[in-house]
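Heads up, the thing below is written out as structure tokens.
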Amino acid sequence: MTVFDLPDVTNLIHTALAEDLGVGDLTTRLTVPPGVRARAEIMAKEQLIIAGLPLVRRVCEACGRGATVEECVDEGAPVAPGMIVARLTGPATTLLAAERTALNLLQHLSGIATTTADYVGAVAGFGCRIVDTRKTIAGMRALQKYAVRCGGGFNHRIRLDDGILIKDNHIVASGGVSAAVMAALAGAPHGIKVEVECATLADVREALAAGAEAILLDNMNLEDMRTAVRLVGGRATVEASGGITLESVRDVAATGVHIISVGALTHSVRAVDLSMSLYLER
Amino acid sequence: MTVFDLPDVTNLIHTALAEDLGVGDLTTRLTVPPGVRARAEIMAKEQLIIAGLPLVRRVCEACGRGATVEECVDEGAPVAPGMIVARLTGPATTLLAAERTALNLLQHLSGIATTTADYVGAVAGFGCRIVDTRKTIAGMRALQKYAVRCGGGFNHRIRLDDGILIKDNHIVASGGVSAAVMAALAGAPHGIKVEVECATLADVREALAAGAEAILLDNMNLEDMRTAVRLVGGRATVEASGGITLESVRDVAATGVHIISVGALTHSVRAVDLSMSLYLER
Amino acid sequence: MTVFDLPDVTNLIHTALAEDLGVGDLTTRLTVPPGVRARAEIMAKEQLIIAGLPLVRRVCEACGRGATVEECVDEGAPVAPGMIVARLTGPATTLLAAERTALNLLQHLSGIATTTADYVGAVAGFGCRIVDTRKTIAGMRALQKYAVRCGGGFNHRIRLDDGILIKDNHIVASGGVSAAVMAALAGAPHGIKVEVECATLADVREALAAGAEAILLDNMNLEDMRTAVRLVGGRATVEASGGITLESVRDVAATGVHIISVGALTHSVRAVDLSMSLYLER
Amino acid sequence: MTVFDLPDVTNLIHTALAEDLGVGDLTTRLTVPPGVRARAEIMAKEQLIIAGLPLVRRVCEACGRGATVEECVDEGAPVAPGMIVARLTGPATTLLAAERTALNLLQHLSGIATTTADYVGAVAGFGCRIVDTRKTIAGMRALQKYAVRCGGGFNHRIRLDDGILIKDNHIVASGGVSAAVMAALAGAPHGIKVEVECATLADVREALAAGAEAILLDNMNLEDMRTAVRLVGGRATVEASGGITLESVRDVAATGVHIISVGALTHSVRAVDLSMSLYLER
Amino acid sequence: MTVFDLPDVTNLIHTALAEDLGVGDLTTRLTVPPGVRARAEIMAKEQLIIAGLPLVRRVCEACGRGATVEECVDEGAPVAPGMIVARLTGPATTLLAAERTALNLLQHLSGIATTTADYVGAVAGFGCRIVDTRKTIAGMRALQKYAVRCGGGFNHRIRLDDGILIKDNHIVASGGVSAAVMAALAGAPHGIKVEVECATLADVREALAAGAEAILLDNMNLEDMRTAVRLVGGRATVEASGGITLESVRDVAATGVHIISVGALTHSVRAVDLSMSLYLER
Amino acid sequence: MTVFDLPDVTNLIHTALAEDLGVGDLTTRLTVPPGVRARAEIMAKEQLIIAGLPLVRRVCEACGRGATVEECVDEGAPVAPGMIVARLTGPATTLLAAERTALNLLQHLSGIATTTADYVGAVAGFGCRIVDTRKTIAGMRALQKYAVRCGGGFNHRIRLDDGILIKDNHIVASGGVSAAVMAALAGAPHGIKVEVECATLADVREALAAGAEAILLDNMNLEDMRTAVRLVGGRATVEASGGITLESVRDVAATGVHIISVGALTHSVRAVDLSMSLYLER
């Protein structure tokens, strides 16, 4: 059994509720009598992988006392259209205040998990990891990377301080692949590997000779990838990156790369369809 | 000439940089000599509407002193592939620290503006507005709605406190369309109109009779929309909503509705392709 | 029965306690033995309308565990001198730490509610609303507007983003009443009405002709107000504003205006008298 | 020459602008063309003591670049009706965004300074200080106490951690005046004096015998105050407090007390009248 | 029995956990199965005075639900090596996440309390207080001063706003000891005493003549201190400061000074040794 | 030439100034005339390595406008007693407000750098790195690790999310060294190495067999360390940890370990002596 290790979301939920509620829910104040209690169901409207379900309770708690949330599926589980993923009870005013913020988070994160699972499924059998990138949406980095894990993917570095990835612009600024790799190896913290982006097979050879511990093949064609994997011969981790789609990912995996990074997992998220229905309690 | 009125982004930029930089840019520290100055260009890699360009300067300023940013196109302008949208100069370390955060924001917001412009173009000639919804990404509400304006769209209410939209769950909790509309009209601030969601033509009739000032037709077919527009006869603003796509939006506009709201503008954003190239200064 | 929809006060209470407590309550630490438990009563010392009572519990909770608060009257209720409005029990140190912050909030908000109720009473029978303005005290906007509602008043727009009110300085900057009103109508969100400030009857005519949906009569005399109401003839909401006092407000209401806005409700608040007495528990 | 030592207002100004602007100034966006530059004057509409003038620049700076503010009078100076206190120039949009927040602060703080100066004037010749209390408005403590200084008053303790004032409820909890005073003296930081509230002359005698360094006469009549001053005989600072008004304050000063504290200076502030007029620049 | 009045640590604990956890505990996620429950003991590894024990519970609560903390000794108590100071139970993941942050705080604060107690013990019998200074570690001021109290010390002023201490640089800027003292006395809040730093006996005489209420003897030798105490003759509090060590402190106390301030209590803290051991629950 | 990459300190400086200044510098307000300008010098009073010098300017800027700071030595440079490290000019009030906060930071960070440099010097010639730990002071993690780099040391992982270090408590919770190492290797991000704490040579053998990429020898004696290094034979990085002092560190380095971690670098910091002298400008 797996745990996905939800990051601290206190500030994010506060921010999200503040930008949705402002000084309060005007429509509900005017139309819903204060004492009314209700229950609500959140239902999947399409096939999806659920991610972010624990946030529903957190959002409700932040909206006031007295609401309870029952999660009906496990985080990371596949969910069929029509399935209830959570049941809520509490004051109608609280449930209505929480509705949009909770759904926005759940639809976005489940969208990421669902797409990630599609990529993971597409490379099944190749022992190749699908990983995310730093191409995330402002403020959502930790949650988006959590959702990638829920979908069966792995995380690339989280920030600029927890990994070394020498990219094209670093190579320009430092005077070449060898110089950059050797400088990085000399100063790298002992727990962190040095990875370098290579645009050509010549770059790959230079990086290997300099001692790179991981090599990112940037926008290479399949044949060059295969050659690169052979050149590396297990001496470094090989990552493929650059415009890889659900259509092309299996061919990329077949080249023997260990890691495929997909920016679209987090920068171009399709929200999956989930909705909440409210019922008055008698 | 138009102004799009960028909201206050100080906190958002601080959050975005903090989650990307952590305690500092490890790769750059190890590979780029401190004194190096550089210039950089941000280039469009596809046809797009630009939105968020002023954020590039804000991100650079937040990364340290000494960087300058020249914006090469107007906010909201169409940009062809290969065009430079901004030129940056400054310490290489600053430009590298700012790169990902600036591009993430620019690609996301320009993605929204570009898609919005597609919808706006699709309904040209019908005098019908494309508007956004509250289906936004946590923490990005104000900026996403700004990007919709950059793309030629209009904003629906921003939060729960600046508009009245009686939805299905409110009707359940308040005991019916008439009851809800009348309660809202009695208490509404004098500057805010009362809008109500209608699922059927019967709902529309009831809403009109109760005095609703705007009517949202929820997931109606085209024929019912046409009938609804006729029923309303100019006595209220008519909004269409629910699963409207770029393919279907022109037909919806042709029914005579005044407003078409599209959740996908902000909940399912495709990032457009922009990249930054760095050059050493001599 | 009414709900007044208390805004989120977490940050405000944190700020208020921080500025009152600093690193801790020195007097209590030196004079009150740690284990002492007490009860306390908050009593009205004059006739008033209570507002902010739920904040007492919030302040106590923020001061530490173990205090309980019983509210003895309903929010918005009239309270006679000598009546107990809340009973507290808990560690004496907690009650003493909470005392000043709780009373400061309660006295200020009840002061607003009480004065508002005086204005509302003065216009009874005219079907005219008493509303607040943006002339509020920094950081207290949402709570002050809540207190106005507790006193039977209504809220004007809350911020610059949730209403359109074209004032004298906008008219100067945009080139006249007509130009400003028409520009606003063209761009206004579909849920928000366009209001314009008029200093003369000529302005009123121009505003009406341009299509203004609400008209603010700024510092007009009673006769001009009456004429303005007649000119408008129900085609727009009419608001009176400018130096209206408890003495003059009934005459203003008698002119037929729909709305009277009173800046002094929130910019010149008289705190009503409430005090807390502590008793040791045996 | 005097300096009043403005406290740090960065957070307060940010909060005040956020609650007034929301996501932006809708009316100005719709009615004022973006490129328009303007100048503005802030004018006193009544006789007052100015306090908070440096905040005008701070608010403008926080609203955007390019506005300049010229202060026309000294902080703490008396200002006659019709006098200009500040001249502003800059983009019309910036000046309009700043207007309400700047005026709200200026009117509130100048109101405090003006009333304080009235009290200070009323006790002229008696060598008696007018001081404030902790009865302030949430979030405004430091600024309100600054305004009291601008008006010629002095500050009582600022928080619970920078002074010792044993009040009625502490006496209840600690077992009497003597016990409380002696406990406080034993533990007081060496730089802070021990003050105790006395309701009767017997309390005063007990407090003096216990070694109190300052004595607050709570709601005593004039004759008891005179007796108390005589009893103390210069061995402690004597403060009068409790319902003292502008009418009664001179009589209180005549009793020989050293300090008169007035809660109404900060808990019941009348905003003085100042307004801003905008002029287009050619 | 004593209470040490823990200051508000909510923000500090949030900051400390954020800087230690980042987006989550990677090692624990990979190696510890999610459902595992554990208990843990925090044990002293040397003789010490405990301070900060209540923070252990606060840290655990901030890490998630379900952990309980039993404090086994009283705050401020002496603890022998091998003694358990706290027992924790809960999810292993929570205890592991809290471990380092809780221990870091506990070891630092207990280090301060232990060293303070050493100084207090060294001056036993002289009726002389050991006090701290403003030489603290950024962000830790209130907690460090709390730990000094736990060790039997007293606090000097907490900030620049709650005490008056005229130092060498103020004397330079104000034109001499007399001028500075008299200016301070004229404006000092009535609850705060005026203290002045004296480098020579001449300074002491000048300070006394000007009316100083406390005198800090800065880096004087023992003989001058004795003379200074005699000169003062009980008319002011006398504080010794400057490079006083555990070796020299008793001699300083013997000169008759009332207060000895020791910057090293907070600026050069040795963490005492405490460790946490984890046991699986069956 | 080296860059040490100062982390973002905006919040820390704000916090540090807030806790030192409160609502303002009372002594300076009372004793220093407002218009006075001054210059000041910060001088080393002992031999030290400087770290944190750029913070002096940042603190001054945060205290107000008009102060300039000239840094007289390079960050990380050795400084002899009597040398000036920075010259400041500006309003005396600003320099006095900044003094304590700037010195506190500078003395603490230079203390870390100085001690680190002592350790680094002690192992000279062995090609062995001195590294820090997570035993840091709350809120100071990033700056303390920066100071270690200034002193010639290297950083161990920064947080729990950027490295994998399986410690005793993880081994307890996961069922043994092998199980823990293999689980970590299976899930580790591809850029991060797996390190495991070993208490015995048997643990070392088990860790190596399981594939550990780094091995921490916890509190081993020198002979066991030598054996462990031989056992590892270059297949993993070897780190020594546990109670290593300046006296013992060279012997530890001689065992052939690659990394020596020293908790005392950051948990038991001695502040080095630096002081600021003020001079009036004529």
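Lettered A, B, C, D, E and F in written order, each chain numbered from 1.
The rule we apply is simple: a contact is a pair of C-beta atoms (placed from the backbone, for glycine too) under 8 Å apart; a residue touches a chain by one contact, two chains touch by 3 or more.
Note that the coordinates shown come from a computational prediction; the quantities given were computed from them, not determined experimentally.
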Between chain E and chain F, which partner chains are common?
A, D
Chains touching both chain D and chain F:
B, E
Would you mind checking which chain's C-alpha centre is most distant from the centre of chain F?
C
Far-end chain from chain A, centres as C-alpha averages
D
Report the chain pair from E-F, D-E or D-F that duplicates the B-F interface, where duplication means over half of the contact pairs agree by residue number.
D-F
Are the interface residues of chain C and chain E largely the same numbers on each copy, more than half shared, or largely different?
different
The distance between the C-alpha centres of chain C and chain D, rounded to whole Å, is 22
Chain centre separation in whole Å, for chain C relative to chain B (CA means):
33
Find the geometric centre of each of chain A and chain D from their Cα atoms only, then give the gap between the two centres in Å, rounded to an integer.
52
Mark out which residues of chain D touch at least two other chains, giving numbers and ranges.
21-25, 29, 33, 141-142, 158-159, 161-165, 187, 189, 192
Give every touching pair of chains, nothing left out.
A-B, A-C, A-E, A-F, B-C, B-D, B-F, C-D, C-E, D-E, D-F, E-F
Using the touch definition from the top, list the residues of chain E that touch chain C in their complex.
1-3, 5-8, 141-142, 145-146, 158, 162
Chain D partner, complex, touching residues on chain E are 129, 131, 154-159, 161-165, 187, 189-193, 195, 214, 237, 239, 258-259
Applying the document's contact rule, which stretches of chain F touch chain D when the two form their complex?
17-18, 21-25, 29, 33-35, 93
What residues of chain B sit close enough to touch chain A in their complex?
12-13, 15-16, 19-33, 36, 38, 40, 92, 95-97, 99-101, 103-105, 107-108, 111, 134-142, 158-170, 172-174, 179-180, 183-184, 186-189, 192, 263-264, 267-271, 276-280
